[in-house]
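We call the chains A, B and C, going by the order they appear; numbering starts again at 1 in every chain.
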């Protein structure tokens, strides 16, 4: 019970979480054909980044415009494993060097690069999905938060890192697959991930991991650590002089957010079947921030809903009115930032408080009209 | 120990310059256990800078700061705090959207690391300590009040309470009674006397009446250097001090 | 990487690439000056700055089309006027944006960044609707074409020289304006202490608006300069935005001379490396060096010196 209370501070939180879980775990799988469900799974893989942004941006006040980097790193780790499996010597017999990924062969590589070797192993890959983004984030965070870099500077530098990584992958076609990315992924340890059944299973794996991550984030938010995070955001100096290592707290949060993003990237690759630098650069990284902003930067459930909602409307609108979509997207973004900084979740709680206040006001009037005559009588 | 007497804090030849401007220069300061030591001086004398230098907020360019014989200069702020030096800022800096209880709890030294934070539980002993601290600062009835709606004086006390939760051996207070009413001042004076029973307190203050009430020892600063030091009677009779204050 | 060239070839390569680096330097410098004014001085980040540059470039294109159609005789001179018009158009749009959006967000710098990004999406789409997705090039007057032949195998294009002079002129005027004019004084005062400035009677809201629109106007000049060395598309501006940010941050945010120095360094490094390293590797290497340098020295090349920070 105490643990439950750590996860959900109010009944509203528990209810909204349960509703969202019900939606993605039961209603959508029943209502949608597998093709659509797979799309939802793709959107939900952005949800991992959203959860990380709630911790990092909403709670700790650090805006990273480079979350695509970690999403991409996790995704590339997964894609490298799947690509190696898809490039066994038999299938690639027609290549001049069989047994290496096709794009390497096209780029006149004759041997697998050293850094690809470990990705033959599945346990290593799973480890790398967390460790690679985590380590990169830790090093960046440690270097910058120690020197008290934050705010706008941090945003710009993380954005530059997103540009560097996407250009770097783009420019090294032989080693990374270049602009096209790593494509034509088929099986995961012999299991065909393109079949309908596999896509359904992968969807549920994605949903369960997402809900697990959300609970993990909620746990962090509602412990003392969560309060310290908000304190760092609002009163950095006081926290430091209460004996906390502020730089370490920020670095840790950044690392956790990066690992979540990496997991999201890996699940994206499993469900979508490719990874490319176009998912890493400036624009996708900033779009990830929009998803969280629209849903609500302070709310874990809000951020996940935001990912679903923005992507749904994106696919609905951009198919029908591709020109209007960018206006709508830009306009929504400006509106959210200017008028609803806490996003949909903020509107939801605000509506709750308005309702409560109205109810309280009514309650005050009703007994007042009933008791006033009685109350005034003894006074006379 | 090399020094004849064991001081809690020994500051020797402390100095800092900002682009050639010496804000504090050749500052020597010895703090006895369980005393209230007040630093006074006209504006721009470098009083706040001295506190900044001791607690590591500003990096000193020369000198030593020894806490119980251990060098503090060059250590990170949070390490200095953990060693046992607490600092209150001039403006009340508390967590406005947390309750008084949460404010005090977050300042408790248990679980200051990452995982300590994540696994922190409010034990009966901590609850006990929070309540007794709240009683000491006169906020025992306000434990569940959001700190943002406290009065200015109560906020100042809460911040002192947050320092007390850290159980430091030295507490540094920067103008704790600025903006307080007369009654609040009297209570604050009593509070400072009380907490100095088992720790040392460094106070920066302008209000001479208040200084007279609390000070065991007074240091007068002027232009980044020490002008005079001793009991309140000694320094207020010092002609150099009188000249600076009247000339000012 | 140098071994396959003779010394003289290397010399010429460095001269040529160095000169094409100067053109990039001019654009980055003009972008950076506008950004430095807005970001460095006001703490506000303008993600749509690149789109303001594109707006300047499109204005020049528009002027060129108009001239061709209605006053072909004016052809040789229109470009000078177009630079001024580009400045005015961008400054006006900038003032409007400041009025409608930015001034409500001054205390929330991170949100300004996101809101201006939303604005940049809208602006890009507007260009696409008005001018099409294809890149356009204004007809440049004759006197901007051709090149000075310094010696055998070394040609210096005139448009490059022109853009360089323009950038240096704008920088010079900007420095004069900041440090000699009354408005510059007010602006610097507002940066140092907003409350105090408004207490002594400076209309800080107006200062903010003028500074923002001035920054956008300079981006417009950058756009005009850009048309002489490249063609303009809806996303031309966004291609330079990260470089421009890095110019400002690397130069030390509030510092004009730092801005010049870092624009020069970044442009030269990119231009020379691009020749020797194929494709985008030159750019990646340059950006990587800057980012690592900024991590180790976040205050940039020339930090502003303020006591207590």
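What we mean here is this: contacts are C-beta pairs under 8 Å (C-beta built on N, C-alpha and C of every residue); 3 or more make two chains touch, one makes a residue touch a chain.
The shown structure was predicted, so the numbers you read here are calculated from the model rather than taken from an experiment.
Participant: Which chain is most remote from chain A in terms of Cα centres?
Facilitator: Farthest by centroid: B.
Participant: Measuring from CA centroids, which chain ends up nearest the centre of the complete protein set?
Facilitator: Taking the mean of all protein C-alpha atoms as reference, the closest chain is A.
Participant: From the mean C-alpha coordinate of chain A to that of chain C, what's the distance rounded to whole Å?
Facilitator: 34
Participant: Could you put a whole-Å number on the gap between the CA centroids of chain B and chain C?
Facilitator: Chain B and chain C have C-alpha centres separated by 49 Å.
Participant: Taking the mean of the CA coordinates per chain, how far is chain A from chain B in Å?
Facilitator: 43
Participant: Can you name the residues of chain A that touch chain B in the complex?
Facilitator: Contacts found on chain A: 219-220, 223-225, 227-228, 230-231, 234-235, 237-238, 240-246, 248-249, 252.
Participant: Which stretch or stretches of chain B touch chain A in the complex?
Facilitator: Within the complex, chain B contacts chain A at residues 55, 57, 76-78, 81-82, 86-87, 89, 93-98, 102, 105-107, 109, 111-114, 117-120, 162, 166.
Participant: Please give the residue numbers of chain A that touch chain C in the complex, ascending.
Facilitator: 61, 63, 140, 143-144, 147-149, 151-153, 155-157, 159-161, 163-164, 167-168, 170-171, 282, 286, 289-290, 293, 323, 326-327, 329-334, 337-338, 341
Participant: For chain C, which residues are in contact with chain A within the complex?
Facilitator: That would be residues 39, 43, 45, 101, 104-105, 108-111, 113-115, 117-122, 124-125, 128-129, 238, 242, 245-246, 249, 278-281, 283-284, 287-288, 290-291, 294-296, 298 of chain C.
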